[in-house]
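See structure below.
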Amino acid sequence: MKDTYEVPSMMTKEDVTMMILSAKKQAGLTWEGIAASIGMSPVFTHSAAMGMNAFPMDKAEALVTALGLPQEAASVLNEPPTKVWEQAVPTDPCIYRFYEIVGVYGPTLKALIEEKFGTGIMSAIDFDMSVTRVEHPKGDRVKLEMSGKFLGYNSW
Amino acid sequence: MKDTYEVPSMMTKEDVTMMILSAKKQAGLTWEGIAASIGMSPVFTHSAAMGMNAFPMDKAEALVTALGLPQEAASVLNEPPTKVWEQAVPTDPCIYRFYEIVGVYGPTLKALIEEKFGTGIMSAIDFDMSVTRVEHPKGDRVKLEMSGKFLGYNSW
Amino acid sequence: MKDTYEVPSMMTKEDVTMMILSAKKQAGLTWEGIAASIGMSPVFTHSAAMGMNAFPMDKAEALVTALGLPQEAASVLNEPPTKVWEQAVPTDPCIYRFYEIVGVYGPTLKALIEEKFGTGIMSAIDFDMSVTRVEHPKGDRVKLEMSGKFLGYNSW
Amino acid sequence: MKDTYEVPSMMTKEDVTMMILSAKKQAGLTWEGIAASIGMSPVFTHSAAMGMNAFPMDKAEALVTALGLPQEAASVLNEPPTKVWEQAVPTDPCIYRFYEIVGVYGPTLKALIEEKFGTGIMSAIDFDMSVTRVEHPKGDRVKLEMSGKFLGYNSW
Amino acid sequence: MKDTYEVPSMMTKEDVTMMILSAKKQAGLTWEGIAASIGMSPVFTHSAAMGMNAFPMDKAEALVTALGLPQEAASVLNEPPTKVWEQAVPTDPCIYRFYEIVGVYGPTLKALIEEKFGTGIMSAIDFDMSVTRVEHPKGDRVKLEMSGKFLGYNSW
Amino acid sequence: MKDTYEVPSMMTKEDVTMMILSAKKQAGLTWEGIAASIGMSPVFTHSAAMGMNAFPMDKAEALVTALGLPQEAASVLNEPPTKVWEQAVPTDPCIYRFYEIVGVYGPTLKALIEEKFGTGIMSAIDFDMSVTRVEHPKGDRVKLEMSGKFLGYNSW
Amino acid sequence: MKDTYEVPSMMTKEDVTMMILSAKKQAGLTWEGIAASIGMSPVFTHSAAMGMNAFPMDKAEALVTALGLPQEAASVLNEPPTKVWEQAVPTDPCIYRFYEIVGVYGPTLKALIEEKFGTGIMSAIDFDMSVTRVEHPKGDRVKLEMSGKFLGYNSW
Amino acid sequence: MKDTYEVPSMMTKEDVTMMILSAKKQAGLTWEGIAASIGMSPVFTHSAAMGMNAFPMDKAEALVTALGLPQEAASVLNEPPTKVWEQAVPTDPCIYRFYEIVGVYGPTLKALIEEKFGTGIMSAIDFDMSVTRVEHPKGDRVKLEMSGKFLGYNSW
Amino acid sequence: MKDTYEVPSMMTKEDVTMMILSAKKQAGLTWEGIAASIGMSPVFTHSAAMGMNAFPMDKAEALVTALGLPQEAASVLNEPPTKVWEQAVPTDPCIYRFYEIVGVYGPTLKALIEEKFGTGIMSAIDFDMSVTRVEHPKGDRVKLEMSGKFLGYNSW
Amino acid sequence: MKDTYEVPSMMTKEDVTMMILSAKKQAGLTWEGIAASIGMSPVFTHSAAMGMNAFPMDKAEALVTALGLPQEAASVLNEPPTKVWEQAVPTDPCIYRFYEIVGVYGPTLKALIEEKFGTGIMSAIDFDMSVTRVEHPKGDRVKLEMSGKFLGYNSW
């Protein structure tokens, strides 16, 4: 019966991610380079290219132009993403270490934020982050900086 | 039968945490202040006071003196901790937001660390962290800085 | 050995919750009544009395006076809480139905918020809620109203 | 052997959801607009279009006409859905915040419903909901209103 | 410090359950007999005695009189319960078999209810149940009868 | 390499379920009607058509004739099924309510079965069930009746 | 307030298990020996002594006499147990190996039972089991024998 | 790009399982019969045919000959399997009952093995098992016999 | 009622672990030192002292003498342990790294064992292990050596 | 619509793993042999061939040459892998035994590492491992040797 109707398919964020990865590999680009070419940070650029964030429309168009993607990809990159991760406890060691830091230092972060600001949280929405390589005689270090707006609990 | 032998009890890290919290409350101290008085960072001081890290012996003794704890507490604060967290997905909103950041940005952190350093991870052991309050006209912000040694995968 | 030192105990939020529940029962009060007497909403009052929110200091003192609690309870009611729930999927039918609503309508809420505001979320921190009984000929209805600040995702 | 028989395929709710999303994108419609055109609320319209609710037959036909879907889609939209969500704890931040509200305020909702109505629950079946944007000088707010019939526990 | 205040304790549903079980054992009663003496069904009587339902006030008082419990127990039996079960998949074979029936026949119950009533559910709130022993030449049988109000999904 | 051999495919219970659903839809049948035409109960008929039970061979053949299925389908319908359900806690509200009933009343069913029969269980294998619509002035009710053989625990 | 009423405590199966273990150790008995002295199998005797099965009343009394337990223990040993195990996947290696056998050979047991008997199961209720040591030149072996009544699925 | 290289496919254990099931059905064989024809037990034969064990090479070749499978299948049947089961708690009733037996009697098996052999386990590797039908006037019984080498814990 | 009988308490492995830890701390011993004094390896000694293994009787007595424990402790140290770990995924970083190694290299260990020995496993029962510190110019290394008997799968 | 654009596909680590396995089978090679031919250890070679590690570029090229893989495979083998394992508790017996060793001996490894090195961990990144067959009169043994750099916790 299926031939009496047709289920349309739509370009998805997964499709566009594949296009970006393929164009990046063929052109020998880096995330730093791609981010610089559209005037955004590498963290946000990678995250939105992977489909975990939405590019502002002008940045989406800049990326489409820079990488030679089909025009329709720009609107897809601008769509709100559904953020899904399937491993409640991540297994990849590079990601697990950050999970471990949250497990070990989570109560400390909470206590110090409360001491400095009062009862509330650091926003993960009004938020930015960067990763830097810092030279060090005993071995270079990864520097990670996050900044999020403090949100105080309402009482009513 | 239990009366024919006696099960000894030993001062635990939980006991010392209670002593610290009680002394802190009675003296009206802050974690910043306690940390400054022993010459350590607030993050490490809180974390070790909660039993998630071990104080170096001289710092443990300084803390015992500063807060008027029993002498035995210093060696307990210096013991290696067993780091346990019971909620694979934390429920407290202030801690959950950090878990969410790892879920959303974990693959991004991995990609950028690999781009800058090669295949490997940021150490969560040779590691330090700070929390700062940054004034901002649209609402003050929490600034979180981490630094960990890059560890490249061995091949053999 | 335990006798050579003493582990201090501190008044906890659980202790104060028991004091409130006992005073409420003996005085035959309602949550509506308690909330009105301190000038707060019933939702926030119950939640903070259960230890899931922190009363502002003046409200904490008003509650302590209203219910005849020990003075120390006010500062405990003002402390930042650690919000823990142990059942990822709640079993009590009255709470489960709200979980079910999030399961069934979660993607709908997301789509409509994004349609009206752009990519972002409703804050669960800068947030308030009320519960009302609405008369209805086919059976009275529970009316639940929530309001949370819209937080748009940052891009950087 | 498979060629000696044929497994029929039937139009599914997933198929119709894809048709709706495609038609909506091509025509540049909104959920508000689609809902208005068939005289239903945006919440119910989106939810049933996603396959989590069943449209009444006349509304299903109105939607099929409005979007130019194949006629068979109307009966599919009218079929009872099987409501499945795969993440017991949702990861998308916009949905998680509602899960968090149920975790934090669930016992409060239960206590206040019981205080106002007696032992029972708010129905998630005889239920409706709306989402509104409310302007606010400190940032616009999401207003969420739910109404469900109170159901008192039977005793027998 | 704990001696400067006292945490009150209140009679709980668990306390009353223990009182009922002890009185039942000493008097050699059955659940059938207890239920008959207060004019309720055995299912509801056992369930409320275990703290999973609330007795109407007159039935609570009748039970307190019948079993010689302290007067305060009546109001405790009348309080709304929090229904908690800790094993998502029950292990006791007698209970597991009912879980298995839901797993095997759940989709069938859904299909037949929808065929007979339209889209909706059987209420587990406006609900009653009985258990009977039915003699049978090949081995007596357990007969379980449930009745719940049909609730049709709202559309709006 | 795959072309040097061929992996045979066999008609599966899923295939036959699709054939039944398609034939049922095209002929406008109900489960009641199908069940009546082969002289079985609607509960068992639906369950076996979904692949959760095995039809006796004569009933399988009657069904194949009634719905015009390929002859091979009869032996497939007669094969022992592997009963799998993937959601330990079902999400569909119509099925969840039965799960909830097992959670709330499981210990009660156990206690009453033991009181009436001694230590043992109700069989979920030597078992039958029916669903009926019962008219009621305050809203029609779903009546569910199960009967299972009592199995007493062996002691040896 | 607690002093105005008293919560009775009742002898539990856990209490009796402790009494049995203590008496067994003091008298230097084995499970084989205890089982022989009351005319039951070691498997059932140990299982019921651990509170996972109920002794027939005469056997319970024989055990109480044999081990010099208080008279009340006999009726406790005769009560229906609630069978609970807390580790869905057991960790102890001796028990895990049996879990592994069910994982590896479960589908095989199902296929062979169905081949020999038709669609159905082996009862775990009308069931017995024994453990024997079998001498073997390459190392003695554990022989485990189970026998359970075949239960064929009903169709109706 | 995929056309510039080709990903080879290899005959898998799943492929061979399908070949065996298809040949068995077409020839109207039983597992008993197949096992007898290659001189192995039905339990091992079924298990290895399902891909949960490896046939010795001569038996693999005998099976290939007996069922007319392609020659390459013999080496696949001889490869070490990866034993995976996806349901930590099996749902099929016939398999669940064995899981239940491990849950209920696991500690008993452990205690009796330790009593007869000392501290150690029954091997699940140096292991065999059989299933027999035993006639019984009250209903035939499934007899399950397992034998595994006792392995005593090393101390060093 | 509880006063009419007494529940005996027995010295447990947990009790003896506390005695050992207390004696070790007071005497300033190391695990290496304790192990040497009884002629066993540090790995086995620590593991059995923690209650995860059973000391041979002569070693148990030697330990009791060496540390001045009550005589009854020797038989407790000799009892078969029940090996329980509560975190399926360990959180302590020192233990998690070993879990990670099993996750990453598990399939490799399996492949190489099978290549060298045929289908089978390394025993975790007939097994020993040691930990050594190895000096290294770029930082000392932990050397871990395990040896377990190869167990080939039976076929029958 | 999909025909207006094309989603590129890229050679994946899974593709290359299939190429390696196929070439290995056709050439009748062993992991030992492949590893020797490129001058790496069998553990690392297998692990990287399975996609759980990255080959250094020269080794990747050597492997491509040795096995006759397409040139593009070398760069794929050199890409950083994402290490994922799906079973938190592995089911294959050969892998489970290592999981069991971590469960039983994890706290022992932690205690001995801390005794020898101070508070810290063994790195799973700066790490190597080997597997050897050791002849033994009572049955050959698997010898597993791991070495990882000790990493001491920072304090700051």
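Chains here go by letter, A, B, C, D, E, F, G, H, I and J, matching the order in which they are written, and residues are numbered from 1 within each.
Rule of thumb we're sticking to: contacts are C-beta pairs under 8 Å (C-beta built on N, C-alpha and C of every residue); 3 or more make two chains touch, one makes a residue touch a chain.
If you're wondering where the values come from, they're calculated on a predicted model, not measured in any experiment.
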Selected pair, out of B-J, H-J or A-B, that shares over half of its residue contact pairs with E-G: H-J
Pair joined by the larger number of C-beta contacts - B-J, C-F: B-J
Centre distance in Å when chain A and chain H are each reduced to the mean of their C-alpha atoms: 46
Distance from the mean Cα position of chain C to that of chain B, given in whole angstrom: 29
Chain centre separation in whole Å, for chain H relative to chain C (CA means): 54
Interface hub residues of chain B, defined as touching at least two other chains: 1, 8-10, 22, 43, 53, 82-83, 85, 88-89, 91-93, 100, 103-104, 107, 110, 114, 120-121, 123-125, 127
Interface residues, chain J side, partner chain I - complex: 30-32, 42-43, 46-47, 50, 52-53, 83, 85, 88-90, 92-95, 97-117, 120-124, 127, 129, 131, 133-134, 136, 138-150
Chain E-facing residues of chain H, complex: 89, 91, 93, 96, 100, 103-104
Residue numbers on chain F that touch chain H, as the complex places them: 1-2, 4-5, 7-10, 82-85, 88, 124-125
Chain F residues touching chain G - in the complex, by the definition given at the top: 40-41, 43-44, 48, 53-56, 59, 80-82, 107, 110, 114, 118-121, 123, 125-128, 151-156
Residues of chain J that touch chain H when the two form their complex: 8-11, 15, 18-19, 21-22, 25, 70, 72-73, 87, 89, 91-93
